[in-house]
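In what comes next, chain A is part of two complexes: it sits with chain B in the first one and with chain C in the second one.
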Partner chain A sequence: MNELFGMFQGLISGFGIALTLNNLTFALLGALLGTVVGILPGLGPAATISLLLPLSFKIGDPITSIIMMAGIFYGAMYGGSTTSILVNIPGEAASVVTCIDGYQMALKGRAGPALGIAAIGSFIAGTLGVIGLTFVAPPLAEFALKFGPPEYFSLTILGLLMASLLGGSSILKGLIMIVLGLLLGSVGLDPISGAIRFTWGFFLLQEGVDFVTLAMGLFGVGEILYNLEKELKTELVTRKISHLWPTLKDWAESKWAIVRGSFIGFFVGILPGGGAVISSLVSYAVEKKVSKHPEEFGKGAIQGVAGPESANNSAASASFIPLLTLGIPGNAAIAMIFAALLIQGVQPGPFLITERADVFWGVVASMYIGNAMLLILNLPMVGMWVQLLRVPYAILAPIIVLFCCIGVYSVRNTVFDIWIMGIFGVFGYLLRKLDFEPGPMILAFVLGPILERSLRQALLISAGSPLIFFKRPISGTLMGFLILFILFQIFMVLRKRRTGIKEESS
Partner chain B sequence: MAAWGSTHLSMGRFKHPGPGFLPFGLGLCLIILSLILIFKNLGRSPFPLPFWPQRTWLRPMLGLVILTFYAFFINHLGFILTTFIFLMIWMGLIERLRKKTVLIISLGTTAALYLLFVFFLEIPLPLGFLKW
Partner chain C sequence: MEKVKKMFWVSVLCSLLIIPTLAGAQDKFPTKPIELVVPFAAGGSTDVLARLVAKFAPKYFDKPLVVINKPGGGGVTGTEGVVRSAADGHTLYLGYGSGHDLVMPHFQKLPYKTFEDLVPVSLLSVHSVVMIIRGDAPYKTMKEMIEWGKKREQVTASVSTKAGSVDITFQAVGKTTGMKVVTVPFRGGAESVTAIVGGQTDCGGNHPSEVISHIKAKRLIPIAVALEQRDPAILDVPTFKELGYNVVTAGSVKGVAAPKATPLDAIRYLAERFKKVCEDPEFIQAMKDIGQPVMYKGPSDFGKYLQEGYDQYGKLIKEFNIKLE
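Showing the complex of A and B:
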């Protein structure tokens, strides 16, 4: 009871912080920017936040800059659906499944209700997600205080493995990305002994590869180069959007989809390596299974829009939980926010809620406000945003690249970093071309130092015995999960192979 | 795909004494994973053929060249001029927009970026000979 009281007290003080004019302005700015990048295909929230990382030096206050970046992240979840429904191109990755039924609804002249239910579902789920965050995060952080280096090592390994499994097309490629990311993270001075590694004689590499440079190269430049190949044409289905408010029948059909989506999103969002993209896929599959008329899916079923759109929003809120309580980001966009916190000198982790209660509660409270702002931005004003789709990519692309150049330059005032970014840009482009996901790589890059430090500290504690990861109760449980997980995957691969051989022989 | 994996092999063999423990282990992992990938794709075409159908490599290539130009000249020509030329070339050459549109947008964007980064955010960008 006492703890519950503490949470309410924290929340109230958080609203006190979030409701200052300055923070409200930046929350609105974040929501606006998020909606814009959500709507524009070929520019995701991770890239946008990385663009703004250098600027976060200028904003100064960590609370304000995180409020804005969080706004971009969940704002993009709102905006993405608009493009999916009207153009049949996902505005960002978490809205891929919304294309299936959303676009069909638009073709049938029901673009209005589709957009409406997406926005309302997003709002309900987003808010439920933040409520979950409010009540789950503090006890979890308290629990995480018991974690030592072995626990952190096990948790990070588990998270990275899950990210490689859930992230992309193939597990093997995901694993390769993770190993590469970890290696990149080890460039520079060794965290414990101070020895120089992998600098190839470049003095400027001694501080390691800068996160901003890597992120902008991989997500900014890499994505633009990739998109240059094909010409992105955005043709709208309809110009007129009417009946945004869903009818009673629409509402009755989709209300349980929204609730289910919210819960799925929340639990997938907490998982390390989980996140908005996967949650929307899971939700779509569940809706199809639960529905009494599964044949309507793919032909404009409103549940196929309501479920996934709710799921990605509540997942976006929930993925702040591992970041703010354990200091372990679960996906690429959250990894950017992790970097932003570090830049501002705030160490994300179990101590955050007690030591920087203002940051935690301020950001949480701003998320309640931000979701309300986004509902207003996306319901009555959706017509305005649609106009944005008319701005050709031809004009946006060079401007984004310029932003990357200047942003990278401004971190250390060297042209050297622009070169490095260019190299990562080419690398990111080739990765996309070869069907590798850059997301797990950036995650591994961020987690690399945590992983290495905890591994070596743990081995120091145990005097070199790796059994320490299995002997301690929490770490042991996590390792148990890890082994079960690997066994399960091997089993699946073997079963697939066996049935494959059977099919071939028969 | 397989060829791609093998290009990483050389990266995996660096070993530094002492602090090289984790990197060495990772390098080993990378070698093993790459080998699995190569093995898996054995006998299959290494790249999705054609890798760049119908000269689609041209536009990303041009983009890269312009980016290199930008990194090379920003210290010599200054931020304003380089940015302007960058935008002109990109929109004129890669996207082939109308000349008038290109000129107007390039001018406007350069001015806006100058205001944002140099005036408001006070980032010390190299200004070249256009200093004032």
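Showing the complex of A and C:
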């Protein structure tokens, strides 16, 4: 009881810090910048924070600068969905699944409701995530530490299997895409032995293919090539816009998706590495499973946008937990904030909450305010973004390609990556022609290296015994789910086949 | 004298502003901001060092230092970028002496020659490799650990990357102590610390700056340092040598280098100013707080130090017959 009282007291003092004019201004600045970099493909929150670090020394007060950087990070999660929905380019890995139904909604003239529900879902999930950060941070951080290589392997392979069912058209095609994604993910240095794989003598490929390069090529350039062909055939397609805002029906359909997504995002987001990506994937798969109309997924189901977009925002809030309570940065953007704190003389870790209570509570309180700011910022912009679709494709397409090139170049400052993007663009075009879904491929590409590394690390730890995946409680439970999942799928296929035979014979 | 010099620079700068068209080749170095290329990801220990240097630089340099992260290929990509850039002293490599300079060339041919294509400017710091165990492990010291470890089928050690300075150190630990040490490579220092804190592995190796907060929190216990002498960042931790195990490495050396054809004037200027940064009491304190001891050396001493470090790793690799599988 006393503890809870202390938390409220801390939070109130935190609001006292976050509500000063100076801190409010920088929270707004961060949120605004975050939204912009989230929308711009290529330029991510980590790169932006790194560019702004020198500025943060000028600000002086570490609280103010961290408030701004945190704003950039979670602001980017709001912006990330915009390009996924409007032009089918995921702004970052966590928005890949949003493309599937978000873009379909846009094609049906429902870009407004898709963007609207993404913003509202992000706000609710972001806020729920911060509430979690406020009250249950320390015990959960301890739990996250139990997640070692075997647990990562079990979780990732479960996620990957779910990915094969994402598109829904054909399991076989989904599996082919997954295998291709895994192969692409293995380009570069072997994570365990350091051997060089599939680089064809290009030193730049040693670190592997970059996610941004692959996503921009496969989704951005590929989609444009495909559309060019279509637009030429059908002359000018007028892009219709039916509503601007989500209707009451949309809201009724997505409210539970938002709640489920928030919880999934929060728990998966605490895990260091890949949290936001896996959570959006799991959320999509869960929504499809619980939906009464799973056949609508992939054709513009609003739950397919609301769930994953909520999940990645609540994961963003949750990823502050290992940073602030254990001093462990879980992803690149959080690592930048970690560095910024260190440079300013603040040591993130178990003592932060007692030694620098002002930093901890000030930043937490600012996240409540920042999320509200983002909602206010983003809702009016929905109308503006939708107008963008009225721009003739002949003008829009080259602009998208230009932004893709800039985005890809900005990652490593090499022209080489632009060529790689072009190659994947052509490949993405061919996939669309042959009716393959690129989503599972890029997810396998992101998850493949995690899968390989955790498998081999786990086997090194167990001296080669695969029993390690079943003996440890968390990993064992996940493996149990995996086996049930596979059995269920086999059962479904068999039943379908049997009823099919019956129908044929009768 | 210092003031006169400052006045001179101010006047030079003013004249540059007024008559930019006349600004020719005779201008004194530096004529524009100096890029500090860090070939590793932002947020790592080398990056933090670079940003701290950049923070203090305006006091001593006539142009700002700008940190640029170019990660890739374990550090090779960014370093190669500096090797191939204009040798005018405005593009520098920070991190000279890291794993891809002292360890990797023993296993793999690089697209440039580490010692011939770069010239040393200044040594800033040395990050030692410290062996750590969990605070609640059944063993508390090196001796207890070895007793425990010898009875086991294998002892796992988390390391930041395969064939890096930490990996080589632990291969050597295995050979000298008689334990069967299996190194488990992670994706960088932060992940490998997380694994040892979470009890995924039996022990681990990291640079002090990566574990200092966990040591303070008593989650981790440092048991030995792989350097010739004790590390000033963690003075109470003995070296392997003191404990009777001959595991001595150069650690991960963090210095500044420039492309080989950089004019001597520029090198001299840079070395002198980096020295001043390294003598700034506030900088020294800030470095101490993050667990990175300041160890300045000028161009020629730094060059010698690097060569010794490279040879030492070579000897270790040969002596213990370490191979990349």
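Brief remarks follow.
In this text, the second predicted complex is superposed on the first by the 272 of 506 C-alpha atoms of A that agree within 3 Å, B and C clash if a C-alpha of one lies under 4 Å from a C-alpha of the other, contacts with A are read in each partner's own complex, and residues count from 1 in each chain.
In this text, a residue touches a chain if its C-beta (ideal position, glycine included) is under 8 Å from a C-beta of that chain, and two chains touch if they have at least 3 such contacts.
Quick caveat: nothing in here was measured; it's all calculated off a predicted structure.
By the touch criterion defined above, A:Phe351 lies against chain C but remains apart from chain B after alignment on the C-alpha atoms of chain A. Once the two complexes are overlaid on the shared chain, A:Pro329 sits against chain C while remaining clear of chain B. Within the superposed three-chain model, A:Ala46 lies in touch with chain C and out of touch with chain B [touch as defined at top]. Using the contact criterion defined above for the overlaid structures, shared-chain residue A:Gln457 touches chain C, although it does not reach chain B. Legend: residue contacts after superposition of the two complexes on their common chain; A:Ala339 is shown touching chain C, with no touch to chain B.
In the superposition on chain A, A:Asn413 makes contact with both chain B and chain C. Once the two complexes are overlaid on the shared chain, A:Val426 sits against chain B while remaining clear of chain C.
In the superposition on chain A, contact of A:Gly148 is made with chain C only, not with chain B. Counting contacts by the rule stated earlier, residues 190, 192-193, 195, 413 of chain A appear in both its interface with chain B and its interface with chain C.
Within the complex, the chain A residues that touch chain B are 55, 58, 172-173, 175-176, 179-180, 182-183, 186, 190, 192-193, 195, 197-198, 221, 224-226, 228-230, 392, 394-395, 397-399, 401-402, 405-406, 409-410, 413, 415, 418-419, 422, 425-426, 429-430, 433-435, 451-452, 455-456.
By the touch criterion stated above, chain C contacts chain A in their complex at residues 41-44, 47-48, 51-52, 54-55, 66-67, 69-74, 76-77, 80-81, 107, 111, 153-154, 156, 161-163, 182, 184-187, 190-191, 193-195, 197-201, 212-214, 216-217, 219, 286, 289-290, 324-325.
Residues of chain B that touch chain A in their complex: 1, 4-5, 8, 11, 14, 16, 18-23, 26-27, 29-30, 33-34, 36-37, 40, 47, 51-52, 56-57, 59-60, 63-64, 67-68, 70-71, 74-75, 79, 83, 86-87, 90-91, 94-95, 97, 105, 109, 113, 117, 121, 123-125. Those residues of chain A that touch chain C in the shared complex are 46, 49-50, 53-54, 57, 145-149, 189-195, 203-204, 206-207, 272-273, 326-329, 332, 335-336, 338-339, 342-343, 345, 347-351, 412-413, 453, 457, 460-461, 463.
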